[in-house]
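First, the structure itself, so that you have it in front of you.
In this document, chain identifiers A, B, C, D and E correspond to the written order of the chains, with residue numbering beginning at 1 in each.
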Amino acid sequence: MTMSLLDVQDLTVAFTRRGEPDVLAVDGVSFTVEEGKIVGLVGESGCGKSVTSLAIMGLLPRRGVRLGGKALFEGTDLLQLDPGAMRDVRGRDVAMIFQDPLSSLNPVISIGLQVTEVLRRHRGLKGDAATREAAELLDRVGIPDPKRRLREYPHQLSGGMRQRALIAMAVACRPRLLIADEPTTALDVTIQAQILELLKDLVREFGTSMIMITHDLGVVAGLCDTVNVLYSGRVIEAAGRRPLFAAPRHPYTHGLLGSIPRLDADVDEALRPIRGSVRDALPWAKGCAFQPRCDRAVERCVGGAPELEDTFTGHLCRCVNPVSHEERV
Amino acid sequence: MIRFIVRRLLQLVPTMFGLSLLLFIWLHRLPGGPETSILGERATEERRAQIRASLGLDEPIWVQYGRFMRKLVAFDFGTSIQTGRPVMTEFGQRFPATLELTVTALVIAIGIGIPLGYMAARRRGSWLDNGTVMGSLLGVCVPVFFLAYVLKAIFSEYLHVFPSSGRQSDLLEATHVTGMFVLDGLITREWDAAGDALLHLVLPGIALASIPFAIIVRMTRASVLEVVGEDYVRTAEAKGLTERTVRGRHILRNALLPVATVIGLAVGGLLSGAVLTETVFAFGGIGSFLRDSIEFRDYPVLMGFIMMIALVYVLVNLAVDVSYGLIDPRVRVR
Amino acid sequence: MTLLSVQGLKVHFPIRRGVLFDRTVGHVYAVDGVDLEVPRGGTYGLVGESGCGKSTLGRALLRLSPVTAGRVVFDGVDVAALNGEALRKSRRRMQMIFQDPMSSLDPRQNVESILTEGLVAHGLGVNAAQRRTKVMETLDAVGLPRWAMSRYPHEFSGGQRQRIGIARALVLGPELIVADEPVSALDVSIQAQVINLLEELQAELGLTYLVIAHDLAVVKHISDVVGVMYLGGLVEEAPSRELYATPLHPYTRALMSAVPVPDPEVEDRRERILLRGDLPSPANPPSGCRFNTRCPWAQAKCATERPELVEVRPGHKVACHFTAEIDAGVLARN
Amino acid sequence: AESKRDNSSTSKDKTLVFGTAGEPKVLDPALATDGETYRPPRQVLETLIGNEQGSAKLVPRLAEKWDVSPDGTVWTFNLRKGVKFHDGTDFNADAVCQNFNRWFNFTGLYQNVAEYWLDTFGGFAKSESPTAPPSNFKSCAAKDSNTAVISLNKPTSRLPGAFTLPAMSIQSPKALAEYANESMSGDAKNLTYPKYALEKMVGTGPFKFVSWDRANKKITMERNDGYWGDKAKIAKLIFRAIPDENARRQALEAGEIQGYDLVAPADVPSLTSKGFDVPARPPFNILYLGMGQDNPKLADVRVRQAIAYAVDREALVKSKLPNGAKVADQFMPDSVEGYASDVKKYPHDVAKAKSLLAEAGATGVELKFYYPTEVTRPYMPNPKDIFEILKAGLEEAGIKVTPVPEKWSPTYLDDVRAGKPDLWIVGWTGDYNEGYNFVGTFFGRQKPEWSFDNVALRDALAKVDIEPSREKRIEMYKDINKQIMEFLPGVPLSSSPPSIAFAKNVKGVKPSPLTDEKFYTAEFTS
Amino acid sequence: MSRKKDRIDQLAELAGTRAETGESLWRVAFKRVRRSPTAIVGAVIIAVFLLIALLGPLFAPHDPVAQTWRGDISESMGLFPGPRSGNLLGVDSLGRDEFSRLVIGARISLLVGVLATVFGLVIGAALGIASGTAAGLGGRVGGWIDSVIMRFIDILLSVPGLLLAISLAAMIGNGLPTVMIAVGTINVPIFARLLRGSMLAQAHSDYVLASTALGVRKPRIVFSHIVPNSIAPVIVQATLTLAVAIIEAAGLSFLGLGNANSSYPEWGVMLADAQRYLSVAPRLSIFPAVAIIITALGFTLLGESMREALDPKLRR
C-alpha cells in the first residue's frame, strides 16, 4: 500500500474554557489526501472545516485547545511536531490560503515584502533574487504589472488581486500540500471562476495536492476528486465527487443539494429546504447530530452516534437510515 | 500627505483663535489681579489702581484683547508681570526642562509599557498578564504627589541613590547650551554633568510616567490581543515565518498604531501632569511656573504658556497622525 | 399594472476633498441612468458584481440614498420628488429587507418593539393591544413563534433573524418590498427556507418584489424578470427563463458561465468565459461601453460609444453594440 | 571631560546650598517688600545701619556712627572708610546720596513698587499720584567724603529703623548709572522690570552676586574677598527655591541642600532627633484675629470681647505652634520697645464669652470667617488648623461660623483688604524694632478691613509717629497698647518663632527675628 | 410563569430550536463580567466602600469633627497619638479620630467622584449627542454645527486638565463644587468625543437605515436607537472616570483647591492636609491614600473588565 501524502486520523479538537463545558469543534475526523489530488471539505458554517485545517497547520492557539488524533504528513505526525519544526514545514511543505483576502494581508506592509519574506525564509533567496522571484510569482498568478504591484499595499489592490497575491505567497515554495479555506467565498462569481481556474492550473502544474474547504457544493463539484461532507464536527459522508453528487446517501447532503437553487434547474422547481438551523444539533454522544432537522429520522437516530460506514465501494456515510439510491435529487 | 498636514495646520488657526479668546475672557474673569502680588501685603487701594491702570487692566476687555491679538500677530505674548521679562523668553528658558522631563517620562512609559503590554497579551491569563494589568491599574490609582513622596522617601532619603529635587546638582557648574541638561552634557562632553542631570530625571520621570505607563501598557495589551487574532497574523504564521519576524513585522507594527495615537494624547496629560510633578520635585519647568502664574494672575504668561502648550500638544498629535500615515499606507491616500 | 417605474435614475456620490474647505472633486457614479419597470405583484431581480450599484439603486428607490436625477414613480407618484412628511408617509407602502440580518436589527430592541415601531410611526393600530395583534399575525406569517416577541435579536439564529427583518417590512402592509441580498448572509440550508418564505408571502399577500442578489441562481429562481447590472447601469434585462436560455450580453454570458453548479456532469462539460481583470472603479468609469475593458468581444466602437438598452426580443433588452454578431457567432473572441 | 565640581573638603572652598520657599521678585530690593526678595540682597548689599546678628538691635554697618538732630529731622552718618563696592568703585558719601536721590526721584511705576520708601518718607520728588502728600525726604548731602547728611521735613518714628531695611541698601552708583536711563515700564501696558533689577546687584557685602538661574530657581553668590569685615567662611552660597515644604525637608535629608527656611513646626522634633540643627528665630511677629466692625454685631465691643474670651489661644500655641511661641496679649511681641505688660487680658473663658454675648443680645450670631489656604507664613504655619481651633472655640461659645477658605494671593488678601470678612486671620513680622511698625501699620490709617474710626487711637498714633524722643515714644506706645486692648479691634493670638534648619555640619548662621540671617558667618564643620 | 416556560420549551422543540431564556445584551455582558475575577474584586471593593459611605455614621465610633484629643497633640514636640484603644487609627493633627474621619470621608469622596463624573458625563454627552446628531443626520448646517462643537472640544482638550481645574477653582472659589465642576470639565471632551464617535458609527448602521425606511422620525431614531446603542462605551468610560475623578479631586485638594471649606472629612483633603505631617505621622497620609487607591482601583477594575466584556473585539 502506498502512503498517502496526508493521512488525517481521528482528528479531535476541543476548545476548553474555564467554567464552561468544552466545545468539541472537530470530533474524530479522518480523511486522506493522495498525491496530486484535490480533496474537498464541505459543510455549513461552524461545522469545523476551518478548525480542521488550522489543526493540520498547527495554527490553533496553544492555550485552551485539546488536540487528539493524528495528521500524518508523509509519515510524520504534524500534531506532534515541536513549534520550531512546524514552522519549517509551514509555508514550505504545507501552505494555506485563507478566506478573506483583505484581512489576510498585512495592511501596512507592501505586497513585495509579504511575498519575499516567504522566499527568504524557506528558499533562502535574498535581495534582488527574491524580488525577481516574487515578481515572477505574481506574474504566474496573473497579476499584471507585477513590478509595480510589489511596491503597492494590499488596500491598493482589488479583491481578486489580493487573493492572487495570497495564492502567490502560498505557492512560492511549491508546497506538497495546499490548504485553501474558502478561497473564493468573499469574491464575485466572475472572479471566483478566475481564481478556481488558477488554482486548478497551479495544482496541475506543480503536482501539488490540495484540500479545498468550502460551503459551496458547486465549487466542489467542479474541482474536487473526493469530497468529505462535515456536519457538527464529524464527517458524515465521504465519496468521490461523481458518486456523491449522483447519489448522495446522507439525508443532510441530500437536503443540501435540494435546497440550492440551481441555474440549470427549471424556474418553477420548488426548493426543498432543510428544517431548522445548524444550531439545532444534538451532541454526537446522544445520537445523530442531524437528527433534530432530519426528515428521515427514526428511533435509532437517538441514543448513540451512528458509525461512518462504507455503503458501497468508497462511499462512506454516517446514517442509520440513508437515502436509498432510487430517491435521488 | 502634504495636503493633510497643510489642512490640519490651517485648521489650527481658528482653534487657536478660539482658544485665545476663551482663555482671555476666562482668565480676566478670575477674581483679583496681579497688583496684589506685585505690591505685596501693604499696598493701598490707590496704588493698586495705579498698577492696574499702568497695566491697562482698567480698560474694557475687548480693548485689552485687541491689544493682545495685535501683538500676537508678531508672535509677541507680552511681558510676564511676575518677572518683567518677555513671555517667550520665559517659555524658552523653562520649556527645555519640561521637555526633558516629559521625554524621560515618555521613554520610561514606552520603554517599559510596550514590552510589558506585549508580553502580557501573549501570555494572556498568566500571572504575568494579571500582574501587569493589576500593576498598571494601580499605577493610575496612586495620586502623583503621594507617589512622588514615597519615591523620594525610598530613593533619596533612605537609599540616597537618586536626588530628590532640582535638575542638576547645585555643586556642579555645567555648561548649558540647549537648556536640556542631559543633552547639554552630551554636547559639551561633560559626561558627569549629563549623568548627574539624568539621575535628577529618574524620580520625577517615574512619577510623571505612572499614568501614561498604565495607559500604554493596557493599550498595547489590548491592541496586541486584537492584532494577534487578525487573519494576517495567521497568514504570517501559515507562511512559516520565524517567531521574530511574526512578532516584529506583523504583530507589533500593526499593534503599535493605536498605541501611537494614545501616546500622542498622553502628551497632553504629561504636560498638565508636569504642573504637579515639577512642583513636588522643585523641577524648574513650565509647570511650576504656570502654577505660580495663576497665583500671580500673570495674564501674559498664562495666555502665552497655555497657548504654547496647546500648540505643542496639537502639533505632537499632528506629528503622530502624520507618522501614522507614514506607517499605515491606508491612511496615506486621503 | 406597473407599480414601480424608474426613469433615468442617477445616484452620484460627490467625492469631497480640499485643503480648508471641502470641494467636490469628482463623483462616484454608483447608479448612472437606470430605467426599469416592475408590474404589480411581480418580482424583479437585480444581479451584478459587488460595487456595481445594486444596493444604491435599491436604496434610492426608497429614498434612503439621495437621488441625483431621474424619476421613481411609485403607483403614479414620483417618490424622488417627495420630501419631508410626505416622503415619510410614503414609506409605509415601500419597505426594505436587508442583507445582514444582525446589523439591521437594533440589538437593544426586542422583537415586539422592532415590529411596532413602524406601526407607531405611521399611527397604525389604534392602541397597543391592536398593534400587538398585528405583530402576532405577522410573526405567524413569517413562521416565527409568538414567544419571539419578548426576545432580542441576538437570541435568534441567522435564519430567524432574517425572518424578523421580513416581518418588520411586512407589518406595515407594504406593496413593494426591496430585498437587498436577503439570503447571501445565510447558510446554504437556510437560504432555501427564506427564499420559500418570500415566495409564499408574495403569493399570499400579492406583494411586489425587487430582489437584489449577486447570486444569479437565487435571482433567477425567485424573479420573473432579471436585470443584470454592470457599473451603475443595466446591461441586460429579460424574463428569467429566457435569460438563462439565451443570455445575450457578453457580461451576462460570462456571469452564467461562472456560476458553479453542484453537478459534476454539468461542471465537467461547461465552457467557461473567463473575464479579464476586475470591476473598474465607479468613480472613474471607462468611456463608451462600461464593460469594454473586460469584454472578450470588445471592438473599437465599444470604447467610444455607450450602447443603449434596447429591446431585441419581446421583454428582452440588451445594451450591447454587437448583440446580433455575438449571438450569431460571427464575432471572434479576442 | 569633567565639568567643574565642588568637591573640596575645607569649609573655605565649599558651597552652601540653602533651600528657600520662593524666588525673589527682583534683585533690586528697593522695588519690593517681601522676605524672599530680600534674602539675596541681605548677603550682597549692605545698609547704613545694620541689625545685630540674631536680634533686632541696631549696629553700625556702612555707617560707623550716626546722629540725629534733637528735632529729629537731620540724620548724620559717619561712613566706614576704605569700603569698596564689588565693582571696585569706592563707597563714600556721594554713593550714599546718589542712592537716596535715586529713590527720591523715582518716577512712573517705580513710585508704586518702592513700597518701603513710600512707607518711610511718604512720597517722591515728583509724586505722580495727585493725592500723594509731599515727601518727608528733603535732601541728602555729602558733607565730606565720609559724612552723609539726610534731612527730613519732620521727624518720623520709622527712623532710624528703616535705615536697616534691605530696601535702603546702598548699591554701586557706577552699576546703577549703567542702567540709568531705563524706565520701569518696557512698553505700553507691559510691566517690565528694569534690566538692572533683573540681572545686577552690586554692593559692598560679604558675597558677590554671580547669577540668577531662573529656570532652576537658583541664585548663586560667591565670597567677596575684598570685604571690609570678617570674610565669609564659605566660597559660594546658593539659594535654591523649593516651594514644597516636604520637598525642602527631603532635599535636606537627602543631603542636596544644607539648610532651608520655613520649617514646618511638626518637622522640627524629627529633624532635631536626626541630628539636624533647627534653631528657632526669636519671635518678632504677631498673629491676630481680625474683626470687621461693619458687621453691627461686631461693632459692639462686648461681642468682640466675647470672641476674645471664646478662642482658646493657649491650646493653639501648645498644639500647633513651634516651641517658643507665646500667646499674644497685645498687637506687638514683647521684644518690641513699647510693649505694655498691664494691658487688659482676655483669658480663655467660655462662660464669660457666653454671658457677654447674652448681654449684648448677640446669641446665635453667625460670622463669616475667612482664612487662607495653601500658605505658610512665619507667624502662621498652618492657617487651616489654626482656623479649626479658633472655630471650635467660637462654636463652643455659641457663635456660628461660616468658613470661607481662599487662596492667599490674591483672593484672600484682596477680600480681607476690601473688608469682606467678619473674622479673618493674618499677621505681621516686624521690619525693625519700633512700635509704630506694628500698631501703626495696623491702625495708623483708616482701613476698610477694620472699618472703624477710633479718633483717639488715630490721634495717638499720629502723635507718636512724629515724636523725636525714643523714650517718650516707648511710653506712648504702652498707652496705645492699653487703649487698643480696651477697644479690642481684633484679638492678638500669638507670636511664634519660625524655624530654620541646617545640616549637621553647618554652623554659624544666627537666626534673626527679622529673618535677616547673614550667611557669611556660616561654615562647614569637619 | 412555569406554564409559559413549558410552552416555550414545547414551541422551541417544535421549531427545532433549543430554548434559551431571554437575555438582553446587557445581561450577557453582565454574565461575562461576573465570570471575570478582576470584575468581582472591583465590584466587591466598590460595594464595601459604598456601604461604608451609606452607613458611615453607624460605623464611626466618634464624631469626626470634634477635636476631642486636641490636648494630646503637640506639633512642636512631635506628639501625634497613633493607634490606641479608642482610636483605632490614632488621631489627626487636630485630635480628631482618624478612623471615624476615614469612614465618614468615604461619603464625600465617593460623592465627589460620582458627581464630578455625572457632571462631565451630562455635559459631555449633551455636546456629544448634539454634535453626533448634527454630523450623522443633518446636512450642511449639521456639518457646520458639528465642526463648531468639535472645535470647541478640541480647545478644551488642548488645555492641560489640571490648569483648567486650577483656573476654574480660582474663578469660582475653593470648595467641593469647584472640585466637582473642575474634574467634570476635564472629562467633558472625552465623553463628548467618545459619544460622537460611536454615534457616527451607529448612524451609518443598517438598523438606522431600516428605521428610516419604516418612516420613523429622525429625533426618535436618534434617541431610541442611536444614543442607546452608543452609550455603552461611554458608561464604561464613566466607570473609569470615577476612579480618575477621585484621584484628580485628591490632586486638586493637594493644590489647596479642595474641600478646605469645612472640617468635614474628605479623603483628598485629609491626604493633602496630612502632607505636612508626613515625616512625623506618615499614617495620617497613608490611610486616606490607601483608601483613595483602593476605591479608585475598584472602579478601574470594574470598568476595565466591563470594557473587555463589552468590546466585541476582545471577546473570545
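We take it that a residue touches a chain if its C-beta (ideal position, glycine included) is under 8 Å from a C-beta of that chain, and two chains touch if they have at least 3 such contacts.
Model, not experiment: these values are computed from the prediction.
Engineer: What chains do chain D and chain E have as common neighbours?
Structural biologist: A chain counts here if it touches both chain D and chain E, which gives B.
Engineer: Greatest Cα-centroid separation from chain A: which chain?
Structural biologist: It is D.
Engineer: Averaged over CA atoms, how far is the centre of chain A from the centre of chain D? Could you give it in whole Å?
Structural biologist: Chain A and chain D have C-alpha centres separated by 89 Å.
Engineer: With centres defined as the mean C-alpha position, give me the chain B-chain D separation in Å.
Structural biologist: It comes to 38 Å between the two C-alpha centres.
Engineer: Between chain B and chain C, tell me the centre distance in angstrom, where each centre is the average of that chain's C-alpha atoms.
Structural biologist: Once rounded, the distance between the two centres reads 54 Å.
Engineer: Where in chain D do residues touch at least two different other chains?
Structural biologist: 246, 407, 411
Engineer: Going by the touch rule set out above, which residues of chain B reach two or more other chains?
Structural biologist: Residues 31, 149.
Engineer: Multi-chain contacts only, two chains or more: what residues does chain A have there?
Structural biologist: 275, 277, 279, in rising order.
Engineer: Contact residues on chain D for chain E in the complex?
Structural biologist: Touch list, chain D to chain E: 245-246, 249, 264-271, 273, 315, 318-323, 325, 373-374, 382, 384-385, 388-389, 391-392, 403, 405-407, 411.
Engineer: Note which residues of chain E are touching chain D in the complex, please.
Structural biologist: Those in contact with chain D are residues 67, 70-71, 73-78, 80, 93-95, 170, 173-175, 255-256, 260-263, 273, 275-281.
Engineer: What residues of chain C sit close enough to touch chain E in their complex?
Structural biologist: For this pair, the touching residues of chain C are 59, 62, 64, 88-89, 91-92, 94-96, 98-100, 103-109, 117-118, 121-122, 145, 147, 150-152, 154-155, 157, 160, 165, 168, 172.
Engineer: Can you list the residues on chain E that touch chain C in the complex?
Structural biologist: Where chain E meets chain C, its residues are 4, 7-8, 11-12, 14-15, 17, 20, 22-25, 28, 205-207, 209-217, 220, 225, 228-229.
Engineer: Within their complex, state which residues of chain C touch chain A.
Structural biologist: Within the complex, chain C contacts chain A at residues 49-50, 157-160, 187-193, 195-196, 214-218, 220-222, 240-241, 244, 254-268, 270, 272, 274-275, 277-279.
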